[in-house]
Amino acid sequence: MTDNSIIAPLIIHLLAALLQLAFWRKTVTQRYISVTAAFLGLVSAGVLFHKVYSGGILIMNAANWRAPFGIVFVADLFSSSLVLITAIASLAVSVFSAAGINRARMLYGYFPIFHFLVMGLNGAFLTGDIFNLYVWFEVIIISSFVLMTLGGRKAQLEGAVKYMALNILASMFFLTGIGVLYGITGSLNMADLALRIPKVQNQSLINLTSVFFLLGFGIKSAVFPLYFWLPSSYHTPPSAVAATFGGLLTKVGIYALFRVFTLLFTPDDNLKNLLVVIAIFTIVTGMLGALIKDNIRRLFSSLIVCHIGFMVGGLGLYSKMAMMGAVFYLFHDILVKTNMFLIAGLIRQLRGSMNMKLLGGIYGQYPKISLVIALVLFSLVGIPPLSGFWPKLYLIEAGFDAKKFVLVATILAGSFLTLYVIARMWSEVFWKDPSGDERIQDTFASLRLHKKTFLVLPVVLLCFCSVMIGLDAQFIIEVVDRITDEMINTAPYIKAVLG
Amino acid sequence: MELVLVCLIGILYASGMYMILRRSMVKLLLGILLLGNATNILIFLLGNLTAGKPPVIPPDLKVFNDIYADPIPQALILTAIVISFGLTAFAIVLLKRVYVLVDSDDLDDLNTPEEEDI
Amino acid sequence: MIKQFLMNLLLAFIWVALTGALYYSNFLFGFLIGFAILWVMNRAEEDKRYFTRVPKTIYLIFYFLYEMIKANIQVAYDVITPKYFFKPGIVRYPMSARTDLEINLLSTVISLTPGTLILDISEDKKTLYIHVMYLKDKRSFIKQMKNGIERRLLEILR
Amino acid sequence: MTLFNYLDYVILPLLSVSMILTFIRFVRGPRVVDRVIALDLIITTGIGFITVFSIRSGKELFLDVAMILALIAFLGTVAFSYYLEKKA
Amino acid sequence: MLALVPGVLFSYFVQKIPEIGSGRVLFESTPWVPALGVSLGFRLDGLSLLFALLITGIGVLIFVYASSYLKGDRYLDRFFGFLLLFMSAMLGLVLSNNVILLFIFWELTSISSYFLIGFHNRDEESRRSALTALSITGLGGLLLLAGLIWAGNLAGSYSIGDMLNHAEVIRQSAYYPVILILFLAGAFTKSAQFPFHFWLPGAMKAPTPVSAYLHSATMVKAGIFILARFTPVLGGTALWQWALMGVGGFTMLYASVLSLAKRDLKGVLAYSTISALGVLTFLLGLGTDYAVVAACVFLLAHALYKAPLFLVTGIIDHETGTRDLTRLSGLGKALWPAALAGGLAALSAAGMPLTFGFIGKDLIYEATLHYESGWAWYLTALAIVTNVGLVAAGFLAGFKPFTGKVQEEFRHLHLPPALLWVPALVLALLGVVFGLFPGWAGAWLTEPAVKSIFQQYVPVQLKIWHGFNTVLILSLATLTAGIIIYLINTPRFRKSEFITVLERIRPGVVFGWLFIRTKQFAAAYTNFFHDGYLRSYIIKIILFAEALLIYELYRGGPFSVDFSKLSPVRFYDVGIVFILVGALYKTLKTSSRLTAVVCMSIIGYAICLLFVTYSAPDLAMTQFTIDTLTVVLFVLVLYRLPPFLKVRNVKIMVRDAAISILFGGLLAVICLRVLLEPTRYNISDFYAKYAYTLGKGRNVVNVILVDFRGFDTMFEIVVLSVAAIGVYSLLKLRLKASEKE
Amino acid sequence: MRSTILQTASQYLLPILLLFSFFLLIRGHYSPGGGFVGGLVASIAFVLHSFANGVESTMRIIRYKPMSLIPIGLGLSTASMLLPLFFGKPVMTSLWVPEQLPVFGSVGTTLFFDVGVYLLVVGVVLTILFTISLFSE
Amino acid sequence: MKDIILILFCTIGTLAILFASIGILRMPDFFLRLSVTVKASTLGVGFLLAAAAMVFPEVFVTTKAIAIGFFLLLTTPVAAHMIGRVSYVSGIALWKGTQLDELDGMYDEEHNLKSDHATENFKARENS
């Protein structure tokens, strides 16, 4: 089914960014545009999701050239649900930014670049062309570079150098992979590639090619031993930015891994085992890192790495159940990780710091906010029946099925460590009395009501979504079930694209 | 001829890697540029070389009547070149700012200890 | 005014040359683009002369080519033979040329003639500093320049 | 020997050799300015190379490339001069 | 007011007694996540009813008590919120008919107890205890989850009912031991079995109503509950028996001895609770009819005496401000209702005839004595020693504070409000009532519970008097010994050497040591991989990449190069390549930044020429212009930078060179292999065909860029725009560190 | 850096380069060139001018901040991308003016798209370079 | 006939460029290298362009060739001047055989070049 509207979420953000560029330095107008666009984006994403959910895969042949000759945009359930979740997260970040971002940053293009970034994410999810995916990745990384450095603080720039170098390296691997793939098959359309790759005589070449994609997307999704850029940089930008990064950027890598390793390359046992080993080390790395961090954002960064391992583990197990778990976890993780960093920003507003040693007393002073935050933390930990719990069930069961006990043990250990560090964080940040450090100051209390609302509302919104995912897990599982069906049986995708 | 280019690609990748393993920020940048070039040539080479037949349809024809070079790798490389120009420009300026901030070209100086986190 | 017009005409010609389509509308279009570009540049300088002396120009061109080939052969010989024949030096050359266009054309022509190279112009645009490869005598060199290239050039321009 | 063969086996290799000779100057330096003018000469040689190549391949399209080179190559030299001037 | 909630629930469950007592099992189920086989499925059988009654019944009293105990506390509403959450979770836990649902409630009890233990959150001890408790039970919970999922996986369903039906499959699975261990890890951590017990004494930091409710009557017994619940599924094997008996036996002995060494009233109670939990585990491990009956009865008896002891402790703490046994004495007069309750409860704890505790104790000895193996007497001896300790501990908590001389500081104590002492008294009296009429409890509460544990009918008849038999003698001996120990062991008496040693090597310390070591390891590990140096990251990434590529190449097997497929070498191209490589070499070698930039310029230019010779004029143009612009950029930026960093470390250079050359070599080999692989199919034919006829352009590359693949271009210019804005803001905007986000 | 020769040269090189860039732009569909190279050459023209005469003087020629060219260029490209939507075609579909125009050849949305690219590239390059030039620490 | 002229032009052009490259390699100082190479190469390219203009019959190729030559003529001297000037300013040593250096000492600290008419007039008087 050809449908022009599937790129609406992307176009909306493009137009928003354009408008904001036109209203350069008009920060109030930019804020209105941003929130409106994010909302419209959510609506369009919702419509898209509904269409795909009820009507099957939709495609759009850009420039009216049929695939594989033109660039095709494909909304299957996987991409459209990620678009939807991205829309939710970006709406939250947009609202939060309206009050949580320094005006100076807005004057220098925060909002347009944020919308370019979200556009890039949507594009990456929706495109059906491997090179176009590369372009989207570049849109994403350049936007993230700018957002990361916006403000020019020392730590920001230091982090950005590493972030940039390693992400460019990732792009290099990705692009090399595309070149090799084109050299072998002569095509760029993913559906077309899916048909051509199995026909290549020399399958060992295909395995070689897949290594490049593994490396490229592996770096993007911050798996062991390619994750270094993440803990080097995610604690540096403003929280709204970190929220977008933490929630969405690594997840695009995961998305790409899933897309490529289900549609194009079917992993053989070696690769599956490799992925499992990578997952194990990723979890271990993340959890050990989290154990020793005192800065809450550094802590969250480590947890991102840890939980990436869960999803990669799901891919490595490569059974339907495992992938269901991984995809479910992906959905959950986007919402929760975004929220975590928003919360970090909120905490910074409440206390002026992110250092656990200095923080404290928030529970006593802001019990309602604290309890909402607690709910989010529980979701992150995977306290049942919140959103993080269900996917773990799938992953563990799939691990047992595949007899990958070490992975299961690591997932359990990772969950436990997450529980521990989050409980410790709760105890330090919310329970403990704040230290007497002069850096500790409550800038939140003096804010006007609407600003307070802008800061808290997104957290509540995302929290609500996490809770709903947990309580209405059945619906998500149905969606995830169909998504994994799409992954395992790619014929409908290919048919939809190539006709 | 392909063999020569294959070697060239290997050398380009190797030198790019070597450069980004240096401690100097400028060398890091140069390394990134080299790797970008290496990738471009790789795409170019693997899209098959055709000498002297640019993919431009002659004025008096509607389709090619001769062999022609594959235009797709060219389009891809063009896109990649432009993108990496954007990235490079940003990277160069970032480098400048970092230099001003830490007063050094040494990547090893980019480690503000965690204690200074806010 | 006239200079602008000439510039515009020149641009239109270049346009036609570039597009290679020798027909009226193309020329007009080139003229329009040129006009737009000049308008954008908004160069507010008045101009004095616009007559081109065609025969003199052609003569100059041939003279220049002749000089160039001659000197090139000399230099080439010098380059491929093991011994160096040249006697280089930097000469201060008082120009008669005054306007920017004159100065520029002069310096271009001097630079393109083998054996001489403009290093710089003084701030007050009165003196050229020329690097000369075969400098037998400073005064005869200046005289040769004055009577050769510069005179011919200025005749055209003035 | 046809014209094309002449171009292929004499002219283009000679231009190539010129470039290499200039490149030797580039490597030897000794100063940056020497390298810059070596670069300049290599580019100019390249313009000639492209011209011959377009004759050889019968595609005047390549002249467009030569034109770009002719027009903007000197910007590099200007930039380097700018740098050295600032530095000096 | 809030007490109404448990009250109503309690009366509901009381109503169900006859129905369940008659052997029926009630089910209630609403689908929730059918995809996972998770339903909101509840079952009310004897076992769950017994627990439900305890939870709600004691719940009522605790709510009443707490409302008075914490009167005026700023955060009373939060307290009741968490307490209510806890109660619901606990109820849900015992009523679940689905293991996942059960686990959900299980975790909720951990979480709500975390908040309850840490209720006095400004106190560091409180926070630490809460964290410890959550960590231990959380760890156990996750292991339990793994066990449950695995068992469910084997059984093919998460429904407890289905699991009961597939018990054989699970027990005969090769993985049974692992499942069991996972399962026991959950149960043992929750019910504070050795060596995980240490969180429980710490949890005494919680307000006393919480201790009374969670740590004596309900939460800790969740572990016992699932042991009982899954006895038909996992029980009956030797491993099960030995694990439960071993751990339970050791725990009950260890904790009962330790309980005597405590000065803190709550500490005494905590250890005696651990000991009692050990007893329960032990009994379930024995697994005989007698033992299970004993477990059920002792469970009830323990709840009925331990809760009032805690409540009384709370009263004492509330009124005197201390729980130090060395300071407390002679409070009986002032706090007489508490003294009464404490005394009764202590008697029940001691197993004095006519109390329910006596019946419990009786049954324990019956169980050990009837154990059919040579072990019976050893086990009985173990039980006796434990019980002696429990007797003494009971007296220590129930009598000690009230007897003896009144301390000066406590002379002017007033009787606390009735809401504080009535609940304690009610429970203590219930203990006596049940002791006097055990038959009722046996028939209506114990028998159905035992039935659900065994999944078959076992008659239970509880009597006050069994006749003058061994058991009675043992009971009386226990009582006597306990009283003697109570009299000798004054709390002032410093802990004996033995106990000091125990304290030093207690599991809490071991866990703490382990934890510190883990943290050290974590720091070392993290700093090794994430050491802050970009180079080191890149090296790791490249090595990983090389390893993968080499492996895949190796797997691909050998290959040969067919040179005839390749086009001939053209001399002038080689010249260009030569220049390129030379410039590369110079770039690597030069110590001048500007020279490096000029070299880059040459490299770009040589590439441009290659593009020309291989038919890519567009590329050549773009490459050249962009290259020129890059040079300009460099020049604008670089002139104020310090000279190139000159660090010459030959070893590192050689290492890096080796890594780089290997990488380049691998890429070259891959290129060669791809080149030799024939490509039959190419989408560019389409472009060539339609570029002019449909795309109306002759330059196919340009038609691709603006039409066929216009989307690439559209968004690559976005990249450029963002880069420009980025440069602009990077140079113009400089926030100070102090400014907000 | 003040060089009379360069200054004068830039006076006539600027229009020539601009003209050339425009040539590259509109002939891009038929022979090598296009919006990118065109834009790059155009920006090089201004960069050259700024080298000779200083950034301020070049900014005066352009009159607007180069940055404002970015939304204009991007907007133009976006508009030509979205225009087909109003004709019920997928985005980016090229629409053509039926007759061939004398200089341009076939004129369609792709040309406008390329013009957008051209303007944007000029805006981007000049923003980057001028910002750097004006930057002082 | 046409081919012979073609070959002639190509050969001359190539040789000029070759001489330029030998020149740049052999010349003893920077200014000499610069001086040699700029013109020789321009001339060489000019011949090659002329050859190209002859080969392709189309008018626009000829104009293109002329344009390229024209552009080269415009830009090369400027580049040479820029780099020559900066080399002098930055103190590049002249060849020992250099006869005369009238630029010596004419730059002030900000690299502004004096014309120094006083000296000029003085010298003129002296000469007359």
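For reference, chains read A, B, C, D, E, F and G in written order, and residue numbers begin at 1 within each chain.
The working rule: contacts are C-beta pairs under 8 Å (C-beta built on N, C-alpha and C of every residue); 3 or more make two chains touch, one makes a residue touch a chain.
Only a predicted model underlies this, so the values are computations on that prediction, with no experimental measurement involved.
Here A-B and F-G are compared, and the pair linked by more C-beta contacts is A-B.
Taking each chain's centre as the mean of its CA atoms, C is the chain most distant from chain E.
Central chain by Cα centroid: A, whose mean Cα position is closest to the mean of all protein Cα atoms.
Taking each chain's centre as the mean of its C-alpha atoms, chain B lies 40 Å from chain C.
Spacing of chain B relative to chain F, judged by their CA centroids, is 24 angstrom. Separating the CA-averaged centres of chain B and chain E is a span of 48 Å.
Taken residue by residue, chain C touches two or more other chains at 14, 18-19, 21, 107, 118, 120-121, 123, 125, whereas all remaining positions touch fewer.
Multi-chain contact residues, meaning those touching two or more other chains, occur in chain B at positions 20, 28, 42, 45-46, 48, 51-54, 56, 59, 72, 78-79, 82-83, 86-87, 89-90, 93-97, 107, 110-111, 118. Each of the following residues of chain A touches two or more other chains: 14, 21, 62-63, 131, 135, 138, 142, 145-146, 149, 152, 154, 161-162, 165, 169, 176, 180, 183-184, 188, 348, 352. Every pair of chains in contact is given here: A-B, A-E, A-F, B-D, B-E, B-F, C-F, C-G, D-E, D-F, D-G, E-F, F-G. For chain G in complex with chain C, the residues that touch the partner chain are 15-16, 19, 22-23, 26-29, 31-32, 34-36, 38-40, 42-43, 58-61, 63-64, 66-67, 73-74, 76-78, 80-81, 84-85, 88, 94-95, 97-104, 106, 112-117, 120, 127.
Of all the residues in chain E, the ones that touch chain A in their complex are 31-36, 38, 75, 78, 100, 103-104, 107-108, 111, 114, 118, 121-122, 124, 127-128, 130-131, 134-135, 138-139, 142-143, 145-146, 149-150, 152-153, 518-519, 521-523, 525-526, 529-530, 532, 534, 537-538, 540-541, 544-545, 548-549, 551-553, 555-557, 667, 670-671, 673-675, 677, 679-684, 686-687, 707-712, 715-716, 718-719, 721-723, 725-726, 728-730, 732-735, 737, 739-741. Interface of chain B with chain F (complex): residues 54, 56, 59, 78, 82, 86, 89, 93, 96, 100. By the touch criterion given at the top, residues 7, 11, 14-15, 18-19, 21, 23, 25-26, 29-30, 33-34, 37-38, 40-43, 100-101, 103-104, 107, 118, 120-121, 123, 125 of chain C touch chain F in their complex.
Taken in their complex, chain G has these residues touching chain D: 3, 6-7, 10-11, 13-15, 17-18, 20-22, 24-25, 30, 33-34, 37, 41-42, 44-45, 48-49, 51-52, 55-56, 58, 61, 64-65, 67-69, 71-72, 75-76, 78-80, 82-83, 85-87, 89-92, 111.
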